[in-house]
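Chains here go by letter, A, B and C, matching the order in which they are written, and residues are numbered from 1 within each.
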Amino acid sequence: MDWLNAIVQGTLLGGLYALFAAGLSLIFGVMRLVNIAHGDLIVLAAYLGLTVTTATGIHPLLALAIVVPVMAAIGYVLQRSLLNQTLGDDLLPPLLVTFGLSVIIQNALLEGYTADPQKLSAGGLETASFALGGLTLGVLPVLTFAIAIAVIWGLQWTFYQTALGRAFRAVSDNQDIAQLMGLNRRHIFGLAMALALAVTAVAGILLGIRTSFDPSIGGGRLIFGFEAVIIGGLGNLWGTLIGGVILGVAQTIGAQIDPGWQILAGHIAFLIILAVRPNGLFPRISA
Amino acid sequence: MPDAILSMTGLDAHYGDFQALYGVDMHVDAGEVLAIIGANGAGKTTLMRSITGLLKNGPGQISHDGADIGGLRADEIALRGIAMVPEGRQLFPSLSVKENLMIGAQVGRKGPWDLDAVYKLFPILDERKDQQSTSLSGGQQQMVAIGRALMSNPDLILFDEISLGLAPVIIKDIYRALPGIIGEGMSAIIVEQDITKALSVSSRVYCLQEGRVSLEGGSDQISREEISRAYFGIE
Amino acid sequence: MTTTTYSVTRSSQAARVAAILGALVLIALIAAPWWAGRADMRLMGELFLYLSLATLWNLMAGYAGLVSVGQQAYVGFGGYMLFALTMFGGLHPLAAIALSGILGALISIPVAVLIFRLRGAYFAIGTWVIAEVFRLGFAQVSALGGGSGSSLPVAIVKSLASKRAMRESLSYWLALGAAVLVVTAVYLFLRSRKGLALTAIRDNETAASSLGIDIWRTKFIVYVVTSAFTAMIGALIFLQKLRISPDAAFSVNDWTAFVIFIVVIGGIGTIEGPIIGTLVFFLLRETLADLGTTYLIVLGIVAIVVMLKAPKGLWGLIRSRFDIQIFPLGYRITKRD
């Protein structure tokens, strides 16, 4: 029963990791950009949630109504003012600029909020649970998983059923020809980053309700998201959810063996999959 | 002289240190079909890239409808009503046939061309509309590329080497469809290596040679001899 | 009839002058224990170790196109090997430093086989995962103090030299020696056939492979050699610190972020860049360190601006203005009458 419990809890945890990964996957798919600051942006969203909830006293989930548009705006401005300048054939500029950005965000958060761990207070939601077939499931993890499914479904729908998604795919396929169709790639990239950071906002708030956070944890979140993307296969959003679940289950099983092994077990599962299936389980595009 | 919809004055183009066009003067009149011929490397594709803004050019070198478009971005030029059927078709592989056509309509210009009109012109595309564009034959892909350009309801459409890599019978089909496409008050530039084809559909022709205009005239007035001299530079 | 002859040469006037100056500076630096204070020597020792790390990272990222954000894996590994080999293997610290280099090379082989499957930016994050695995792994070893770490026993410290002043001098010389060794080795490597192959790969991967250069193998060798040296530098770093813990040993900020900023600001893809970058970095640190987090924000902004506005860094700006090369890699043609 302990093991079944670990698997179920790990699956639910995977929903959070899929949310970390979805934004990363989206921007890689549209503009081949890997954002090293992604984890720090998740933490930034959690802190924005903290500021909103303490200032207004509203529930963290309601704070999404403010944090999501703010993060989207940050994403658009960041892309148009900074990241668009780094795109090209050379690998170094995007990598080093987003790495610098990561250090800047992390230290700006330290400056503004100190290194003390913080948590978003969600009242009864944090501890609420229900029994299902002999297992006790937390309402929050179940809700997180449901949100992850909804977000990925929404991204998938945007990508394949809307004019915006068509523009994303066209720009991703061939930037020059997309320009000939009247698509300004700088604007399209800005919108893609805005959408990615909107998802990041959701991930940050759910992270903040679930566990305590401090400015230094961004790198770890980036790594979890990255592992979910690679396990699932590049460019496949549903694969990203499966990747998140595999990572989550590996972690909870690791923790079941020895609490110190939780994170390590997740990394090892990732490395094993990298060794046997270098393109992930369900690859759609090659890197 | 009727009003020119597009005119180039002293157009230069560079790829890094390499100069591909030298002071090209050219104009397209409203409603006319212009042919541009020339050997490989004469600068035809460079000229297309300059007109559409894929290659940066200086202000004052190209004007469209009387307004200077030199220095505009490609998407801004597309919004003004210049569309291109690029060499090698260059469809979006991750978009279906229908989506490829619809992306052409993204500029939002009003006009006679919509999905129904394109399907009427090329009925096969209606049957194949949900397929990935890459699963089509070369000729069908060319139809999608033409339809995609038409969907933006341009007033000037550029055809870059549309017969390249296609079977003769398909080239014949496409050229047969051209007059119906270019009607409706649209102007066109046709870039071709196949001189006979180019002359048969155009009213005027320019020949490029090593980045310069080497011949200009009415398509039915200039002689074979003049063309081969302008084409190959043989005196 | 006069004939003009041309000669193909690598050396330049500037390089010869620099070589003489460099030799003089080196002599002065070797003599530092007799003229510098203890605090200055510590600082210089640290500077030499950062210079070594920066030169090594530059070899990987600037020449081999292997952008790693996980070199802390080998710094920490080397540090832990120093502690393990001296405490449990009974080795002399100097032997332990040399051996940690060899062990670093050995462990980097399976790591490379695995993470070379990732391309570009994903390779970068993959290296970070490896560093995390090392950190979490060493935190599980209770003999080395687990998560809280351990100190180097006094007896081992004393085995280096019984007098404190002598130990400090020795540790300084080791750091200086490491920097000279690393810079010289990287310079000679880049001048060699293999090194030229590397530059060819950086400039055009497809063309290089069509010339018969085995890209995977060349990058693999660079990765393994860099890892070995980085592990040795790591051992030296923690020989200076005398205390190790997983968080300090595998710190991404200390051993990767700073190193990347040094190389980017100084000039990536040049040998001179890391040297200039290290000097600038320490200058900034010594003047702005009181600012704490603000200092890091400033550093991040400077690195971003340099990357976007002057991708060849400070050395690139200097070189484009004066056309000098202190470590000439390419050949140049000079006219002789």
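Here is the rule we use: contacts are C-beta pairs under 8 Å (C-beta built on N, C-alpha and C of every residue); 3 or more make two chains touch, one makes a residue touch a chain.
It should be emphasised that the depicted structure is a prediction, and the values quoted were computed from it without experimental measurement.
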**Asked** What's the fewest number of moves from chain B to chain C, given that each move must go to a chain touching the current one?
**Response** 2
**Asked** Which one of the chains is closest to the middle, using the mean of its C-alpha atoms?
**Response** A
**Asked** What pair of chains has the most C-beta pairs in contact?
**Response** A-C
**Asked** By CA centroid distance, what chain is farthest from chain C?
**Response** B
**Cα-centroid distance, chain B relative to chain C, in whole angstrom** = 54
**Fill in**
Whole-Å distance, C-alpha centre of chain A to that of chain C, is 33
**Complete:** Rounded to the nearest Å, the gap separating the Cα centres of chain A and chain B is 44
**Asked** Residues of chain B touching 2+ other chains?
**Response** none
**Request:** Using the touch rule from the top, collect the residues of chain A that touch chain B in their complex.
**Result:** 163, 166-167, 169-170, 172-174, 176-185
**Prompt:** Inside the complex, what are the residues of chain A that reach chain C?
**Reply:** 33-34, 36, 82, 85-86, 91-97, 99-101, 103-104, 107-108, 110-111, 219-220, 222-223, 226-227, 230, 260-261, 263-264, 267-268, 270-271, 274-275, 278, 287
**Request:** Could you please specify the touching residues of chain B with respect to chain A in the complex?
**Result:** 52-54, 73-76, 78-79, 83-84, 86, 90, 92-95, 99, 102-104, 106-108, 148, 152
**Asked** Hey, which residues of chain C end up touching chain A in the complex?
**Response** 61, 65, 67, 69, 114-115, 117-122, 124-126, 128-129, 132-133, 136-137, 139-140, 252-253, 257, 260-261, 264, 268, 293-294, 296-297, 299-301, 303-304, 307-308, 311
